[in-house]
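Some structures are shown below for you to check.
Each of the two complexes below includes chain A, the first together with chain B, the second together with chain C.
Right after this comes the complex of A and B.
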């Protein structure tokens, strides 16, 4: 069985995998930045007292979490042009991932902020800080540290979700595997190879998260 | 102390103040005036409303009706700038509530720098002096997690003093402390009182009350039941409820 496994073909296709990997990395990175922006805006809306901002944010988050990413992607890819917005598939892909992940990130940030004990807010209120000052000086620096692990989890999910973009013919990593599978009828080689690359990305992200939490230091460990 | 449009008042003036939590009347028709430089100790059984009482003074809790005038400004009045008023009122919590991501010095200087807009160098100089005053000159760069409860509470007091407040409120400042740490915190509070700070202190530390309080207020079920000098209150309690309370806390 193993004698049929062609390492030579994998090597032959390495440049294609390399290109796919690079595309996956930068489009995921871009999408993650987009998702952070979407998430922060949604979370800020969601933490307001009045329903005017909160209701649409909650509705959006629910809608995204309740529907498959594939359906969202297809809506943007096939649906938007019908409504008059024609965008390149790469842009559609990054948009879909940003809008999707943003909803989850909004909840992660909100949980981080709500995890800060009430006493912290009371202490800063009692010292005469304004809302903006207590967010900037007291709540967010502490919440940020709490959110790093779940944000890393979301980044990993985003990288894996980016595989769906192969379905709208973005030539990322999974697309490279599909090409090997269909050109040479070698699905085992094609998909095992991309699996190895995804694993590599996973460890890369974990290392990055480890560095960032060390950079933030052990200072201010919670009492 | 008076400001235009208001009759002569104390530093803190409760006039017929009521507050409810749902259907529970947690403050019942409270009338109490605290004069400048006066130290008032508030005691009473748990759930009697004593914490709620002092939390109203800096607006951590809102009152339902009646008047509460602090430093000449009426709470709940649209003309009263609460953020501004709070800079004049220090609040010491039972659970310290120091900022865990800041050092002792940064805890003390944060609000002076950002709220009072005092230049950093000046704020840090004052902060070091305050930490020395509460006996923590060697802990300037320590984080709260590296300090004992008593040390944390002393930093918390220094943090309030850094704002140069006119009033200090203490909400059971020693209740979360191990017994051997209580006196180091009380000593600092005595020193603050002796400098002429207007203080309201929720505590059961009768030694502290006898030493510095001009008045002890006893609360039960949301109402002020009795009020008098520490001597009157401890030696000759007037009501059954205060007698029952005192017999419980003094028995041990």
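Right after this comes the complex of A and C.
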């Protein structure tokens, strides 16, 4: 049993955990922004009529969805130096998370856009709107509503996925737990504490997803 | 140069095969166990008992709220403190089964809740027992909603099995990590690792998509 469980050590290591938490939060936020950009570009390519843009976007999305993030992370971590890009682990990690989540976000945005009834698009064509006007004034505002809850769900996945960056020694939250586990041989203290911190982030984002779907009047978020 | 690397890679193909075997074995065992456990949890959660339902809900939330890597570490390093000695393989199976069971539980709950109450009431009125009601009326109809995301969940499970390489199991990802220490071509090595996963996962993704279309169509018919 855990009769030697030492809250004192946890308190002692609290600054380390705090730093890890902060790093996890900002690197996830940055990766999420990156993933949004990747997702929007992929989705725009995927919605084109010609195969020239569509085929590579589809291939990329399928390739990302059918392989584990850890393999993708190692692909970049061991592969980029080979191409002459020697980047810090943190940058490689953010890049991997952005490229990975981007593929999922592309599908979320696509589902949002395709959920707009065809009649709406036809009506805006009939009103003489240009493509950009149609997108900006009719399709996107409505699609936005549908995509926010699943996007927050993807944000939750991203925060959890960021734990894998500890395996390429980025000093985020999980790494802090590993340090306590290996320095002091206190795995219980280390890993239970970080689990609690992750739960904090999870319930925060989950609450936000619930609020947003209530505000927007859409169905519950898939997390 | 590239030729030498290819030769050297060809030399590590027994290792790669073992890694792929380990990945398939891990996924398969936890897939079967996780499905059984997930269905059991889902049925219990929709059963009348508030306490059981609440406990399962809380546990599922805990598992969904923490990274899988952290769960593996917790199981591998903390269960021994309770006197349960584990090797990495058993720890991996436990972690994966638990993860799959929790996600499948949610899928099953959504499926069961999608069955109209009239059906359950009709079954009650016909004098079916609780178990008969579940097995003959509710579950067959729920499967329509359950099946597509269930297959999708299997894909996630296979991918998540890569994370157990962190506690030293020699699965496909770990093999890539080992080989790349000898053959310093990360792009090639992890391209091949990715291809290994792709071969297993992509057909399942296609299956999930097709099921979604078929079941969606079937569901539409019923609603008419």
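Everything that follows uses one rule, which is that the second predicted complex is superposed on the first by the 205 of 223 C-alpha atoms of A that agree within 3 Å, B and C clash if a C-alpha of one lies under 4 Å from a C-alpha of the other, contacts with A are read in each partner's own complex, and residues count from 1 in each chain.
The working rule: contacts are C-beta pairs under 8 Å (C-beta built on N, C-alpha and C of every residue); 3 or more make two chains touch, one makes a residue touch a chain.
All of these numbers come straight from a predicted model, not from anything done at the bench.
Student: Please work out whether A:119 is in contact with chain B alone, chain C alone, both, or neither, and reply first, second, both or neither.
Tutor: Once the two structures are laid over each other on A, A:119 reaches chain B alone.
Student: Using the superposition on chain A described above, determine whether A:167 touches chain B (first), chain C (second), both, or neither.
Tutor: In the superposed model, A:167 contacts chain C only, not chain B.
Student: Between chain B (first) and chain C (second), which does A:133 come into contact with in this model arrangement: first, second, both, or neither?
Tutor: So A:133 only meets chain B here.
Student: For A:79 in the superposed arrangement: first (chain B), second (chain C), both or neither?
Tutor: second
Student: Is A:88 contacted by the first partner chain B, the second partner chain C, both or neither?
Tutor: A:88: touches no partner chain.
Student: So which one touches more of the residues on chain A, chain B or chain C?
Tutor: Of chain B and chain C, the partner in contact with more residues of chain A is C.
Student: Of the two partner chains, chain B (first) and chain C (second), which one does A:68 touch, if any: first, second, both, or neither?
Tutor: second
Student: I'd like to know which partner A:192 touches here: chain B for first, chain C for second, both or neither.
Tutor: second
Student: Of the partners chain B and chain C, which touch A:50 in the superposed model: first, second, both, neither?
Tutor: After superposing on A, A:50 lies clear of both chain B and chain C.
Student: Which residues of chain A are in contact with chain B in one complex and with chain C in the other?
Tutor: Shared contact residues on chain A (touching chain B in one complex, chain C in the other): 223.
Student: Touching chain B in the complex: which residues of chain A?
Tutor: 117, 119-120, 122-130, 133, 137-138, 141-142, 145, 219-223
Student: Which residues of chain C touch chain A in the complex?
Tutor: 62, 64-71, 73-74, 77-78, 81-83, 155, 158-163, 165-166, 172-173, 176-177, 180, 184-187, 189-191, 193-194, 197-198, 201-202, 205
Student: Name, in rising order, each residue of chain A that touches chain C in their complex.
Tutor: Listed in rising order, the residues are 1-2, 62-63, 65-72, 74-75, 77-83, 160-164, 166-167, 174, 177-178, 181, 187-188, 191-192, 194-195, 198-199, 202-203, 206, 223.
Student: Residues of chain B touching chain A in their complex?
Tutor: 58, 60, 83-84, 86-87, 89-91, 93, 95, 97-102, 110-111, 114-115, 143-145, 152, 159-160, 163
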